[in-house]
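In what comes next, chain A is part of two complexes: it sits with chain B in the first one and with chain C in the second one.
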Partner chain A sequence: MSQRSGLPFWPRHAFWQGVALTIVAYVLFDWGIPALRFVGIPSAPVPNSVVVEFMFIALIGIFMYVSENEARWAEFKQPIQSALVNRDKKWLRSSLLVVLPLFVGFMTFESTRPRVTADIQPRSIHPAPPTSITFRNKTIQLAGLENPLRKQGNLEDHMKEGRRVYYQNCLPCHGDLLDGKGHFGLGFSPTPLAFDGGNLPLLTESFVFWRVAKGGPGLPKEGTPWNSAMPVWEDFLTEDEIWSVIIFLYDQAGFKPRAWEAEGKEAAHE
Partner chain B sequence: MNRATAGRYGGKAAGVIFGAALLLTGFPADRLSAQDVQRGKVVYDKWCMGCHGETGLGDGPAAKFMLPPPRDFTGAKYQIRTTASGELPADADIERVVAEGMPGTAMPEWKSKLSGAEQKDVVAYVKSLSTFFEGAQPPAVVAFGKAPGGGADAIADGGKTFEKLECFKCHGMSGRGNGKSSPTLKDDWDFPIRAANLSQNWNFNGGGAVEDIYRRMRTGLDGTPMPSFSDALDAKVITDEQLWHVAQYVRSLSPEESPPAVREVIRAAPVAQGAALPAGPDDSTWSRAEPSFIPMVGQIIAKPRWFAPSVTGIWVQSMHDGNKLAVRVSWDDGSKSPDPAWDEWMARLVKSVTDADGALTPAQGPDRFWVQFPKRVTDEAERPYFLGGNTRRPVYLWRWASTPDASEEGTGTGLGRFAALSGASEMTHAASFTDGRWHVQFTRALVPADTTASPTFGVGRAIPIAFFAGDGSNGETGARGAVSAWYAIYLDVPTPPTVYVMPLVAVLLTAGLGLVVVWRAQQQNRKS
Partner chain C sequence: MTDPLYLLQAAADTAGAYGRFPGIGARNAVWIAAQVHLMFAAFVLGVPMFAVVTELIGIVTKDYKYDKMSKEFTRLLVFAYSATALWGGVLLFFLTTLYPKFWGYMARLFGPSMWVYIGIFFFESFTLYLYYYGWDRWNHGRAKWGHWGLGVLLNVWGTTVMFIANGWLTFMMSPPAGVTAETLPEQIGLANALMNMTWMPINIHRLIGNAVFGGAVVAAYAGYRFLAAKTDEERAHYDWMGYVGNFIAISTFIVLPFAGYYLGREIYEYNQTMGITMMGGFMSWLWIVQAVLIGMLFLAANYYLWLGMGRIPGAERFVPYTKWMLLLLLLCWLVWATPHTMLASREEMAAMGGSSHPFLNVLGLMSAKNTAVNIMILTTFLSFLMYRRANVRPTVSWAKNGTLVQGAMFGLAAAVVLFYGVYGYFVESIVRIGFSVYQVAAVILCIVGVTVIDVLLGRGAQSRGEIRWGQMPDRSQYALFVLAITFTWLMGLMGFARSGIRQHWHVYEVMRDTSTYASTPGLGYAANMITACVVIFLSLVSVIFWLGGLAESAAHKPKPASGD
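Right after this comes the complex of A and B.
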């Protein structure tokens, strides 16, 4: 026990310091790092194997700290020693001998018991678009492409036409509320895209045109395991119908499409 | 009913003129301020018009792309009310439908999109689309009372009253919506309408709780063939308690867990040592296999699309004995198709659903069911295209049809592109149709004779599986029908003993080590 200051004994006691530091380190790795995103720093949950690795390093440091001199090392060992031999610690000793093996047994069971899971289906949300597509035998350059209907005819008419197209074709999956929860939506996997989230403003209208025209089967290689139920709309809709439903969609969701960068009109998607 | 005809024909003009007059003059109808109506019109035009139409006739562009169709507001007929049959709804009734939506239809809940004020405004506007609310007094709300205690006796009593009131005529003896008159049912606008399938209460338009069911029986569903039973109470044909018991009985026809949870993985349990796989779809052994619910939706991806599927969900069970896999699928269907009784239904259906992707004929086909697997089960993340596969990644299919009762196995390279395997089918099937429910059992060896032509069903791994269902009395032929996404079937292995041995070894080792440490420490302590 520490006689070195007026502080209560345990904050200076090597054993309790070691225990406290171990707990602090674990909390930091397992919860602290993922929580950084709440203060605006990008982060993600730390995989268990990495937590184990970090804890190993932390424990080395902690052991060095509690054994920096003979006195502290003796102080560190003292409570352990006392728990192992002292007559008045018999109850603590016995319960540790029961609880610790049971805990280890439980952890072993958790890691060996069979779990039934379907294979994880990776998905890429915004696959890179091609520079050009063939739409009903006509080549359309996507790079730099603007919605042609925004510069021709009456916007109100396009909107009305787009509403018709949406309600007759897109509604069953993407829903009245644009939330991807139409009355057929939940029958598909992955579930249909919600338009009221943050996706639309990140996309140019030409990107949306490509995704609508070519649907799930037209996804590039990195998007294929996705198994999207999005139909190939060029089989159903004309070019103008697709452009008008895009106008309707942005208006209904209250977003503006992403503009092409002014110079060079290079592909805006990485 | 006069309101229907007036609504459909006269109400159109009247509704528009009245609505316009309201906007122009600010005419203050009871509790209906012009400002509310005007604000409500903005909400309506943005969110409701696509289905319910510009003037509320239920004729928006989406009207023929769903069944049941959107409500015609001009007739002021509302199914879900707390007012007596034939009465106008209370404002709160319409507000509830807007906020909560109508399960089993395309009407979604709006409370997550519209503010409380917007919901009230849009209700004010919807009312202004009908002349029937003009100057009308607020209708009286029915006093419903409280449910008496339930329990097995109450349910049994409810079952008797169910028969006495002849509910089975439309809903069927087992309540699967397959009663004798179900194919003749139409609403007041001559759209075909299904008697509710009472074993799927999550699809009840007005909610699936006992209280909801009781209310529907008291008020009827106006505009539909579902009558009110308040008269039967007044005439003392039945007591109020008996009617509550009917509600409790009806609730008992659906699973406790409603809607049933949808899980990714269907478990195929091994049969007990020495026991045999079920011999057929009605074998009592099936009651021991855990059923998985798989939602089904219209095939609206490839031409011709189908917007009015009859099968909205199936139950799948599976077992294996180490040599063979048996899969039983069960689903509700009003008839064994083709069935001449359903000609009347078909005639109405073809008038109600879009033919945008090709002509609809009233001709009926057989009922069909397909089970789909990847042609080859691999460790790759990429599965075949869920809708019938493609040439690059084909699927392996079990296809069954009801009339004649036959099945085949083969390879699919796209919806409708099917090639039967050569030689005798290794898959066998047996089907049964009982009171509005199909059970079809498919059986095949885990390892096929030719492992390059069809997949091996290995134990201890998740194998992709998908489904297609077609109701021949509902216009579902060819690609028209209901589909599912990919799910997985997992052939359980008996739990290996290591799962229990390893933790035991770990416990003993740790305890032994602990004892040694303690013993050594005490030895040393004694010495010092």
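Right after this comes the complex of A and C.
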């Protein structure tokens, strides 16, 4: 322990620096990031799985910091050795013998106690689209496919048609603001996709066409359970109605659809 | 309801197509045999690359210790070759007995290349024995160059063997356009099948990967021998060897992501479904696992270098900067490992308004990740540079300006990386993808430019003192173990991603897997299998290391005095 101040929590001591940094990292990840909301930055509580991952990284960094040279490493180990060996630290050993099992027991209880909520079901968000689909007995090649309505007729008309389709069919789940918070939206898990986030510009229009046309039942077998409540819209909408609602979505969300790479398009058509 | 005709067809296809394996099942048996064989193959391809480079350095610099190190590794190769061939035999027998129909198809298509493969393997083995047993005999003058030529030849044979085998496995994932289930193997054409779309990307990726792996294994061996050393001389030798292994592993590792990117791009080009399955679909979580593991690699490599600076006179002047570099590496690692779609409970998802976090979501995108990786590469390169410059006092007149130019190059490269990282959020995906090329180019130009200046700066430089080889803390050697274990693990995990995207196909969209093991295993299951393979491989490598030490101690045993 450093003697300069005479205080036991002298901040230059490697061990206490390690402890302090661990606490700071946890506070930052678990409370700091959600608190960004209060300074006008959109944020929310960080899921436990991510906090654990971040803490793993932070602990490795802290270990490296406190062991950067022999002197600091010895300093870091000294209180641990002292607690385990020194005669005058018997009270500490006895306390740890009680506190540590209790802590482990509490953590075990917390992670295994029955809850009313469903377990976490990891699932992939971007299902891989097939190369081609059958839409009402017509085979459509998805690879390299562009929205045909963008080169046909009047875009304004397609937009109006898309708006009609959206408000008649999609609104109850995807919401008036396209934020996935329609009247029925929160009743589903996973919740309906929000179009105002960053997902749409990552997707080609053919991908969105496939998702709308084939819905939850048309999702690929890998990565199940999808648990998607999205209906199979090819049973209710025509091909043009789906393409027009896609135009409407991109327009309203203010994004351009993802373009195909020229080279990839040629290769895909081979 | 399933079509009865389809079931009948599937039953007809499956009859006699698959064998049974007790306990773990046919797929796991083949999985373990293939994975461990591949790891040994990487060992016996990577270590000769290392040996031939260090032998050349020994010849040119006339520094005997390089030659000694090369020979030490070639001795390990003799054992490792047997293990590679043995596991290759196990794999072949498993494939012929457990997947006879699939293997029959592959044999009909690739038969002649299999004969060439085994022929070259024979030459390779013979060249290895000549290389090792002729070491002391051809150790001087022109004969030494001839001996080095044998080392080069050994690498040529090894690389050719790997290229042939790569043709087989890449055909399984990217058969040439026009090949269907009805196409007879004879109609495809051997060259057409071998040189398929992902063949060359895999060749390049594996070639660099093997060099990385070779360096990491050498470093781990050195770490093992360092910890077991009994004299200061031994400790100094293995400390130095660990440094050289780590240097080769990390310097070649820095270019590996670019080769991986090329492979990924080619997979996308070949088949979009496959590409999305790999990067955005059910394999996408492997990339987060990869980010965690590669982040650990970067940190372990830097930690080793920073600890190593403790034995270099003059390095003290750089020590105050390392904690800031550590902080930068950690921040980049956090960004790289931030998932776009998070594992969250229902309450957590409700609080976030979906499965993406409103703030961290920004860090989950490729722009942020590419930026983080490139900054990590620059930081690691800076650590190497500091290590290299630690005990050097340049004497050239332009030394100060040269260092300033180096600093400016780092600053400029970092600025380019950051600029395109941020700008990427304001453009379309198709434009953003192209930005990674500028970021990579800036980093590579910086590395090349700074290295050239550094070499010129070092001409006629004075030494601030000799490196105190052997005076390394033990924990630095564990960092070398972390490197080797993590590389091995990564090979298995990312190999699963590459292979698993075929899903229920032996040959993608040509030959369907109709066995009971057709479904692609979940990531948890796969991770356990790969971990088992890593444990098997590393246990066997430990035996090889031990045998290496045994052979050396026998060779150096003092002869009994006459009359005893």
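Here is the rule we go by: the second predicted complex is superposed on the first by the 144 of 270 C-alpha atoms of A that agree within 3 Å, B and C clash if a C-alpha of one lies under 4 Å from a C-alpha of the other, contacts with A are read in each partner's own complex, and residues count from 1 in each chain.
What we mean here is this: a contact is a pair of C-beta atoms (placed from the backbone, for glycine too) under 8 Å apart; a residue touches a chain by one contact, two chains touch by 3 or more.
All of these numbers come straight from a predicted model, not from anything done at the bench.
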{"item": "First (chain B), second (chain C), both or neither touched by A:99", "value": "neither"}
{"item": "Partner chain(s) touched by A:183 [first = chain B, second = chain C, both, neither]", "value": "first"}
{"item": "Chain B versus chain C as contact partner of A:27, first or second or both or neither", "value": "neither"}
{"item": "First, second, both or neither for A:81, with chain B first and chain C second", "value": "first"}
{"item": "Chain B versus chain C as contact partner of A:231, first or second or both or neither", "value": "first"}
{"item": "Partner chain(s) touched by A:114 [first = chain B, second = chain C, both, neither]", "value": "first"}
{"item": "Chain B versus chain C as contact partner of A:49, first or second or both or neither", "value": "second"}
{"item": "First (chain B), second (chain C), both or neither touched by A:171", "value": "first"}
{"item": "Which of chain B and chain C A:259 touches, first, second, both or neither", "value": "second"}
{"item": "Intersection of chain A interface sets (partners chain B, chain C)", "value": "117-118, 120, 122, 179, 181, 186, 189"}
{"item": "Footprint of chain C on chain A - complex, ascending", "value": "33, 36, 41-50, 53-54, 56-58, 60-61, 64-65, 67-70, 73, 117-118, 120, 122, 124-131, 142-143, 179-181, 186, 189-191, 193-194, 197-198, 201-202, 220, 222-223, 256, 258-261, 263-264, 267-268, 270"}
{"item": "Residues of chain A touching chain B in the complex", "value": "81, 84-85, 93, 96-98, 100-102, 104-109, 112-114, 116-122, 163-164, 166-169, 171-173, 175-177, 179, 181-184, 186-189, 216-217, 224-225, 227, 229, 231, 235-236, 252"}
{"item": "Footprint of chain A on chain C - complex, ascending", "value": "177, 268-277, 280-282, 284-285, 292, 295-296, 299, 303, 306-307, 310, 319, 322-323, 326-327, 329-330, 333-334, 337-361, 365, 428-430, 433, 473, 475, 503, 520"}
{"item": "Chain B to chain A touching residues, read off their complex", "value": "46-47, 49-51, 60-62, 65-66, 105-106, 108, 110, 112-113, 264-265, 267, 295-298, 300-303, 307, 354, 356-357, 381-383, 385-387, 390, 460, 462, 464, 483-488, 490, 492-493, 495-496, 498-500, 502-511, 514-515, 517-518, 521-522, 525"}
